[in-house]
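Take a look at the structure set out below.
Read from first to last, the chains carry the letters A, B, C and D; within each, the first residue is number 1.
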Amino acid sequence: MSAIAVTTEKPPVWRRLIGFNLLTAVVLGVVGYLIGYWIGGRINTPSTAFFSSDAGENDISVFLGYGLGVVGFLIGLGFANYPVRRMLGYPPTLAEHESADEGLGRYFRLCTDHKVVALQYMVGIGFFFAIGGLNAMLIRTELLNPNTHVFGANQYLTLVGMHGSMMMGMMTSSILGPFANWLVPLMIGSRRMAFPRVEAFTFWLLMAAGVVLITTIFFGGFQTGWTGYQPLGAEGTAGYDAYIGFFALVGISMTLLGFNLLATIITMRAPGMTWTRLPIFVWGVVSTAILMLLASPMLAAALFMGAFDRTVQTGFYVPGVGGSSFLWQNLFWVFGHPEVYIVALPGFGIALELLPVFCRKPLWGYRVAVAGMLGVTLLSFFVWQHHLFVSGINADLRPFYMLSTELISIPTGFIFLSAMGTLWRGRIRLTVPMLFVLGWAFNFLFGGISGVFLSDAPSDVTTHGSFFSMAHFHYTIMGGLVFTFFAAIYYWIPKMTGYKLSERLGRIHFWSLFILFNATFGPLFALGFMGMPRRVVTYASNLQPLNDWVSVCAYGIGLSMLVFLWNVVSSLILKREPEVANAWNSKSPEFQLPTPVPVYDFERIPVFDADPYPYGVEPAPVPTIAPAGGTA
Amino acid sequence: MSEVNHFRRVLLIWLVASVIATPLVIFVLAPIVPPGNGTVESSGQVTDNTVLFGLSTPIALAVIVWFLYAVIAFRERDTGGAVLDGPPLRGDARIQMWWVVITTTIVLFLAGYGSVRLLSDGAGGGQGPNPIAAPSQAKDPALQVQVIAQQWQFTYRFPGYGGVETQHLYIPAHTTIEFNVTSLDVIHSFWAFQLGVKADANPGENNIAYVTTKQPLTFNIRCAELCGVWHGYMFDTGHVVTKAQFAAWIAVQRAQFAPATRSLPPYSKSYFPDPQRLGG
Amino acid sequence: MSSYGRRLLLVTSATAIVCVAIGLYIGLYLTNVPGSVAATRVGPVTNLYLGTVPAAETTDPHPTWVSYYVVSPTSTNWQHKTTFELPAHSLVHVTVYQFDGQSGLRNPFISQATGTVGGTFQLNGKTTKAIDPDTASHVFAIPQIGLSVPLEGVADNAPNQCGNAPCSLSMAHYTISFTFRTPGKGLYRWQCFVPCAAGYMLGFGGPMQTVGYMDGFIKVV
Amino acid sequence: MEASAPVAPHIEPEPREWQLRALWVGARMLCGAASFFFMAFLFAYFYLRSLDVNKSWKIGHVTAPTGWGVAIVVVLVASAVLLRLASRRPTSALPLGSAALGLALLSIVLQVITWTTLGFGPASGGYASVYVGWTAWYAVFTVACAYWIETQMASLWRMGREGVKRPRAEGVPADDVELLGAGLEACSFLWAFYVALGVIAWVVLYLV
């Protein structure tokens, strides 16, 4: 980790900046964009001229610019080197830049060490999470008063869209990116991902996607929110091209991330790591990865149709010229509903993984929990039209979708059963990660129960598209995913970085976040019932007191996040107190390794003869894990 | 520790809490939850919500009581730094089976109840061009009102009154109304809050929602689907008025909007105004 | 300590950069909305003069976008602002110099004026209730108070048509004027209903969805 | 490969069958992802066709270029069969595999010719939209598959020229020939499956 400690002969800094790294990537990305934009301007055929001449903007140019920009960015990072060598017939290799000697530089270039990619993910996603959160603060600022506007109406909608896209696009990988990439090879004893270069590729592609989304503000933003409904998107400015580009890149990144994790878990489990001994977190990863692998391609396809509508003038989504606005709604939600479980399932995995450690008990009802996760995975493909209960699409099928949606609460209940059983008669230690897990349980309970109101078609008539549904999915995603995300951070980040996090600041962070989260999103249920639709720039003046309360509490959440940020900065960058190998007395394989974990993880592929929850068993079977020596 | 029957205690606490909280929720909270009792459909939704509230309160309490009790009763006290393990319980087939049975029963009941309520009168939701659930129109046929959404306002068309189009919405009391919701450009959603009506307005499609009005009432209309820059400002106030007032109002509208009515296209369930309208 | 100092410096400078970036983002992009103009008041009636052009000035960020402007009574002094300050509960006399061509309304209903005093408007001095919906160029509408006035478009074959703003009264145009009563204090939005955003599918993108072109507010004080 | 870290001597290598199985499983999962991608177009086809909003499924004179479609699908199927046959004997797969690669590229050329001689444009209604979108993305992924086939052929070619004694695959304990065989099998399976998706596209776009 320490870049300063390395004192061996090295070329001067400016020399080291030349090569395949982030700097080159950014330069080539910009060059690629300009080339693409120029080409787009040249291939301005009569069939497309109407877009460029009258509107003063050319969607073909923008799309080609984004495409070649991303390609340039990836070439600059060195992603083209290996494919070119393979095309010339050179033999396959797996690893690139897997050496601790390269210090901090590893983090700014293509590196296939799964632990490096995980930390890259952590910081990269953290950055976009901060932007998304900032957007939320700005949205709440605008909603302080219904009659005066801080931002322009179109800028406000762009903020709403960027907040939603940022959170649903970038944060989707927030657990699988950092934590699954770091943990899965250690937990199943594989030492690496099945396709390490693909692993790095998903990260850098995601970063490119985030930048593409931010550039929407140079093209007038987009007014569609994260759901990108058509034909509103078709008529938008070039800012909507950024939305398409962003989600398409995210979709590709997610597909490959799920593909890679699934391939690793299926084929590369160490001897003795049977399916029934798999840590429950890995099961959470499996179910999420299945959804990512299968659902994300549909999103990409739907977006490509939208891109064709905007460039070559096909009519997929424009009624009257062959298309239908229903088509987008269907395709989007066929992806979109698995997507919300992509966001929820890793949280289940983390909660159930941490509970045994802090209850000092084996996971209760392991098979039930696994069945719950797989059940959610399966059912999530059959519920999408509950987003369309009042849309007039296939109204005859509403009873079916009501049933399938409510059926999902059975496997979700399994997760709660498993959690409740694990708590029972345990020796519960209320550490910071445990507090976040308990917070998850509380929030997700209310998220789930409010979901029953939305899944009930008669009740949904009022709550649909209102702040009620907005509060519901914030309870499940922010209360569910983000709380477990923080649980995982407090639990694993000391192990991942080798430095302690402050427990005191952690507790302040938890209690402020938990209280303020409920104070912010609880009243939104009421606002929804009182008739406030989503994504509005103004609202009825009798709703102002409640909105102001929500805004103030939302600022409190912002401050709470600053406490966390300060914890990270002071503990990991300034103080740097070394962490012991197994601070939580966990029996999970990754905690049997020294801190920091050596580059090659294990000297030998470990052999497992029990699941990772042998609590209360004397003598406890510990997996025979020999850490890779000498490189630490 | 093991002398105390923890399970019995949790059960007791839950029973007491449920007995206190559930009636409070059903009789105090649920009736004041909107959309109120202005129409048959909105009362139906209030009833529906009451059932959901009544059912979910004991369930939520069960989980919360269990978690709180466990965290308080089983919290590790001072062990002098030693890390002690709890009992290695790994599951119980009977409990798991009962859990499945109970949750499945609740879910099936909810789905069945919801379907019955939905199919009785459509619950005010948009049902597409061929509704499967409509309120009884035995006494007199429903009044057709077409809601035309466009960026960014709703207008209303009355096919039974010479196809006149109006800027605001007045509907008669004690009447079944058939809203035919459509859009001229992008997706909107017609949300008549106090009526308990919500139906998406899709370009080129017809979406029917029924409501049976009761007493005269003033209601808010809002767009509930993001439709562009003025989505937040796409609202209006509608009125349920007596039948006589309605007749007078519609006569005034027909006279006032006679010039515009002449240029309107013939009444249709959906419109395709030269879709590209590229402008210039 | 020097390593600690270095890290501290790194953190501080990173924080400073992020704060500056956020400040720029909010300051330059998010609050970038056109300013407001107060209408001139002569006696009991407030006068507001507007111009509609097929394309904004050539120096505008979007020189091809159709737009409203605030102009002087003689169609000079073109200001690119679409928020108008008007006094509450009083009569406002609006005059629009309309230089743009015909686009046609998607909903012909809007071809009739509503919400004006008398339910009519003056089209080149002639009292009019409604126009042919296919010849409409724009609409000035404040849906919250029910005001809606169609603006006749210049015929395609008219001589001496205006291209970019500013346009002088010697060019082909229609003069539309009407009077309406302002509501109580508050912020009301106005918009155009003609799908007039050339080059955008459905004609409702770009200028139709950007405050400062075919949309704006009236600020009633 | 720059800075590819050598495996330290005290690190025991992983089981040799891992990477082979990963290739096998990976190819199957990519088939799943590809199926869902094109399922969106399949859905769009039947959805728009059955809705036929405003009678705009086909605007004007829109006829499927069946002749070109048959040519493309025949070329694709031949390519898939050849590659599948080639993958049975990895060490002598170069001639058959190269032919398969050539046919795959030929299918793209034929597709481009078809686009330029369509007789209708993308704006000619729902069918035209789906046709253009589907075939375009099918061609894009054909290029990706062709890339994979090419890497296999290039490896075979280099192996034939330099012998099996070339440097071992770094970090992969599997035997060279084994790894190549696994790669070729995975590649040919994906290609065969992808061509099957193409046949479905052909049936839907030209026959239904």
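Methods note: a residue touches a chain if its C-beta (ideal position, glycine included) is under 8 Å from a C-beta of that chain, and two chains touch if they have at least 3 such contacts.
All values derive from a computational prediction rather than experimental measurement.
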| item | value |
| --- | --- |
| Between chain C and chain D, the fewest steps along chains that touch one another | 2 |
| Chain whose Cα centroid lies nearest the overall Cα centroid | A |
| Taking each chain's C-alpha mean as its centre, the one farthest from chain A | C |
| Chain pair with the higher count of C-beta pairs in contact (B-D, A-C) | A-C |
| Euclidean distance of C-alpha centroids - chain A vs chain C, Å | 41 |
| Distance from chain D to chain B - Cα centre to Cα centre, in angstrom | 47 |
| Length of the line joining the C-alpha centres of chain A and chain B, rounded to whole Å | 31 |
| Chain B and chain C, separation of their C-alpha mean positions in angstrom | 37 |
| Touching two or more other chains - residues of chain D | 53-54 |
| Touching two or more other chains - residue numbers and ranges from chain A | 50, 54, 153-154, 223, 231, 235, 309, 318-321, 324, 326 |
| Interface hub residues of chain C, defined as touching at least two other chains | 189, 197-204, 209-211, 215 |
| Chains that touch, pairwise | A-B, A-C, A-D, B-C, B-D |
| Interfacial residue positions of chain D with respect to chain B in the complex | 53-54 |
| Parts of chain B lying in touch with chain D, wherever the complex brings them together | 204-205, 272, 275 |
| Touching residues (chain side chain A, partner chain C) in the complex | 4, 50-57, 134, 138, 147-155, 159, 217, 220, 223, 231, 234-237, 309-310, 318, 569, 573-574 |
| In the complex with chain D, residue positions of chain A that touch it | 20, 47, 78, 81-83, 85-99, 102, 190-192, 194-195, 255, 259, 262-264, 266-268, 271, 293-298, 300-302, 304-305, 308-309, 312-316, 319-324, 326-327, 330-331, 334, 599-600, 603-605, 628-631 |
| Partner chain A, residues of chain C touching it in the complex | 3-4, 6-8, 10-11, 22, 25-26, 29-33, 62-65, 186-187, 189, 197-206, 209-212, 215 |
